[in-house]
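Below: one structure, written as structure tokens.
Each chain carries a letter (A, B, C and D) given by its place in the written order, and its residues are counted from 1.
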Amino acid sequence: MSKLETMDEAAGRVVDGSTVAIGGLLMNGAPMEFCRALARRGAKDLTVVAIVAGPSVDWLVAGGCVRRAIIGLVSMEGFGLAPHFRRAAERGEIDVEEWSEHTIICGLQAAAARLPFMPTKAGLGTDMPGLHPERTEVVEHPRGTYLACGPIRPDVAVVHVHEADVNGNCRVLPKLVWMDSELVKAADTVVATTERVVPERTFRAAPERTTYPGFTVDAVVEAPLGAYPTSLFPWHGYDGAFVTEYLAACRDPETFAPFWRDRVMDPEDGPALVDANGGAATLLRIRSAGGTA
Amino acid sequence: MSKLETMDEAAGRVVDGSTVAIGGLLMNGAPMEFCRALARRGAKDLTVVAIVAGPSVDWLVAGGCVRRAIIGLVSMEGFGLAPHFRRAAERGEIDVEEWSEHTIICGLQAAAARLPFMPTKAGLGTDMPGLHPERTEVVEHPRGTYLACGPIRPDVAVVHVHEADVNGNCRVLPKLVWMDSELVKAADTVVATTERVVPERTFRAAPERTTYPGFTVDAVVEAPLGAYPTSLFPWHGYDGAFVTEYLAACRDPETFAPFWRDRVMDPEDGPALVDANGGAATLLRIRSAGGTA
Amino acid sequence: MSGDYGIDELMVAALAREMPNDTRAFNGAASFMPVCAFMLARETHAPDLVWVASSIAVDPSPPRIPESTLSDALWDGASMLHSSAFDFWWYAQNGRLNSFCFRGAQIDAHGNVNNTVIGPYATPKVRLPGGGGMADLSCQVPRVYLWSTTHTPRVFVETLDFRSGMGWGDGPGHRERLGLEGGPRLVVTNLCVMDFPPETRRMRLRSVHPGVTVDDVRAATGFEVQVDGDVPTTPEPTREEVEIIRRIDPTDMRKRELAGG
Amino acid sequence: MSGDYGIDELMVAALAREMPNDTRAFNGAASFMPVCAFMLARETHAPDLVWVASSIAVDPSPPRIPESTLSDALWDGASMLHSSAFDFWWYAQNGRLNSFCFRGAQIDAHGNVNNTVIGPYATPKVRLPGGGGMADLSCQVPRVYLWSTTHTPRVFVETLDFRSGMGWGDGPGHRERLGLEGGPRLVVTNLCVMDFPPETRRMRLRSVHPGVTVDDVRAATGFEVQVDGDVPTTPEPTREEVEIIRRIDPTDMRKRELAGG
């Protein structure tokens, strides 16, 4: 009855053409190993749901996995725009369905609660609702105007956590989930990649620190350094030096191809990826909080 | 700038005729000292919002404070019906506006988010929405039927916590708030009664354990044993023996008057109330979890 | 075994046997029999059953059932403590939790429940506690189990004074029209076990407890109970089941729910 | 003082001075100047100002501003860490938090902001990051402060390519009709400070920075800036203000926001 799976097995749960929600926020806490596994498998025609994303969505687009992106924001934070996401959008290679942070959350909650919509005042007066009027409708009510956000129901959601057990119990430190818990609520299948697998008794010893109960998680994948190059506070910051090099390499297909192969795709797991990007010195550089690159 | 107030000052924030939300759940975690303070001041014509209540609402009714009760449920759990609440409802002395747990939460959230309503599937098909059709409307939507729960916006909410500081930061152990956090979101004024006032540094030393941030709390009242005779897990259980005696006393006005005076109203604070109901032996009896009376 | 068990144990065992291994259940206040049934099922045929005690504590192993099913003494050994009921509520809506048990002062043939008033709402003869969470979860949770220790015509009525909780509503199709998944599966009383066949969604006698006749049930029920052919006898609890129940609940909290108990 | 400060310090000081003592603010990504301003205001005229770093950490005292305004290095000494942004969002909606700062690739005269696309949405010349939380909070938070380090006609435009964030909308009354409280209060740029008078809700020049003329602002703005009478000069930051800013942000993160900086 163990929920442990290999990364490839878990990535195989994402069927071509389906909707996958990716956790994390900008340069922080994203399930990057899972994104690499999807790209490595050649996943295709995915609709990606990402509330506020960065390298995760950029890698999935670079890997040719994405047909449509339901997003609030995608960027490399202070480092610049997300180059593959940007280029694919500008060339019309992907459809970008822009919502916003709170409206995506409302859509996920509508799905979780099996409701036709969740209301919010977010987005009123902006051009965003007009991008998908069938799913986000401005409604005048005698007690006030609201935006009705229709359901966003991912087939699979993937989040990265600090600790998990074979039953699917997950712990995020210090319970900082950014907005991942909204994905966990809404998706039909939930995959947690975890820095380490711990015994069940770890959870029973401090049950108030459990973040996701086992019955909400369908698969657990051990993936140490699985958020790299994004951060996993409080254990490590993001790798700003890597991001700078990545952005430089993205300027030219000739420099990008070897970078993508050697520095992103080929390394077989998180430790190998870090080794391909500086090894122990990199870990040392990012280990202090804040990823002071 | 300290938010510390005396119990009487804080109770004075509840104006006659206003709406006050009372925390806790059945026999657990209710701000009983605050309820006594309201009754002692002779508060009048209150609309009480209580999601799932017991002795708290019964004492407010017994004290003549209540005109209207917006409730999901009021009872003494396994001990029986809440006698004053029941009698006042049957005699038409109070209006009982019955909602349910989740629909009250939806109403509170609508108020917190300044929305005309929050939708839910709860209550569909029952007689409850028909009790207040102006506030809970069944709506057919192309994607499904929902109950629109209009805003419930308390003037004051009162919750009891384990620890608070002068800035209003509050900690509930082990972050078990039952449904109190919904009251805190929705009310214009929030009063926290607390077992003990602790230094600000207590919160800064373990910030992930803070339950309500200071900027959400307007007044803090030190009230040790402030939930008695309801429980305050994990520090003490409820006092079942007291409840049994209370229910027996309520059967007859002649026995009730002295009980209400000596065993409920006259003791000036929580410790005095416990002393009037068995003192140290009572504390010993209820100190183990579960209130094994 | 014969005779060496109480009606409480028979009811708990009957309820537990209906909980499949994929049951993910939670309990509210004053729910001793359901809590006994969850723990019994978990120890016997349903090892993967998930039970969230008090809607707070996931998968606990309390040494014994305390005097309240909301007590923290029920939470020993849990793998998670939820901080708020609202957080947990998402799992009741999205199907991750799928089972809930409740009872009421009145129950009608479609499994709708009244726990609000006896008499007219505005001028009640008896003001009951109110619908509470049952009013919500009867709509939101697909697998509902009803239990009653007082199978009498005053409880099992033709017409409710108030519909606090939604069963099969007005009959077949009503829940579907409202978009409500599932519905009541079973009623376990002190006399019998009943279910709700799809064609009528009215209570049908599935078994009578040892020593109870079909006519006893009819006489104790305020509406026409559907009876299809021969009605079997509810299996007695096994010795193992009785032993487990008594170990789980050595102070007989479950018996508090029996009339006059 | 004169000359011994940078435009970054002038902007931070101008922003900070507009934050009253009842400010309860929070910051998102890439918000170095607002974070400097919150910390400066808290150390000077607004000791009770509440600042929630990264929308996660309440009232922290970081030793210095790190390289990201979402970094946990910003959370040192906080009195609370929120577990999720959604929990915190209630406080942005109920008025307990009341202030937020943002900028954008394009800003129009009513303080509406575009951070989504340059060019048509379906076939953009530049696909920008997207509205993110600004799209929400511009509607939900009553006190909005805009800042821009690139006051040029390409940023301050007559017509947005896309309205990602709501300012005063189409002008007076628009937010009120939608039930949105407050609105943008102020714009602090590298050239000037502007506000939005109630009669027009269009940008009005409130002060020009030392060395900048009204005509400079007009030339740098793609729409007609309202000018009422004599326009004063933005006060320079005091020596104390500059010292505090440099102590708070010794590695000059705030200067990353300057064009070419």
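Please note the rule applied: contacts are C-beta pairs under 8 Å (C-beta built on N, C-alpha and C of every residue); 3 or more make two chains touch, one makes a residue touch a chain.
In this text, all values refer to a predicted model and were calculated from it rather than measured experimentally.
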Chains contacting each of subunit A and subunit D, listed by label: B
Pair exhibiting more inter-chain C-beta contacts, B-D or B-C: B-C
Geometric centre distance via CA averages, subunit B-subunit A, whole Å: 40
Interchain centroid distance [CA atoms averaged], subunit C/subunit D, Å: 57
Between subunit C and subunit B, distance of the C-alpha-averaged centres to the nearest whole Å: 28
Set of subunit B residues in contact with two or more other chains: 113-114, 120-121, 144, 174-175, 207-208
Touching two or more other chains - residue numbers and ranges from subunit C: 81, 83, 93, 179
Chains that touch, pairwise: A-B, A-C, A-D, B-C, B-D
Subunit A - residues contacting subunit B, complex: 113-121, 141-144, 146, 150-151, 174-175, 207-208
Subunit A partner contacts - residues on subunit D that touch it in the complex: 29-30, 56, 66-68, 70-74, 81-86, 89, 93, 112, 115-116, 121-140, 162-166, 169, 174-175, 177-180, 256
Sites on subunit C touched by subunit A in the complex: 24, 48, 50, 52, 57-59, 75, 77-81, 83, 90-91, 93-94, 96-97, 179, 181
In the complex with subunit C, residue positions of subunit B that touch it: 25-28, 52, 71-75, 77-78, 81-82, 85-86, 89-90, 92, 96, 98, 100-103, 105, 120-128, 131, 144-145, 172, 174-182, 211, 231, 233-234, 237-238, 240, 288-293
Contacting residues of subunit A [partner subunit C, same complex]: 1, 109, 111-114, 167, 169, 185-186, 200, 203-204, 207-208, 210, 213-216
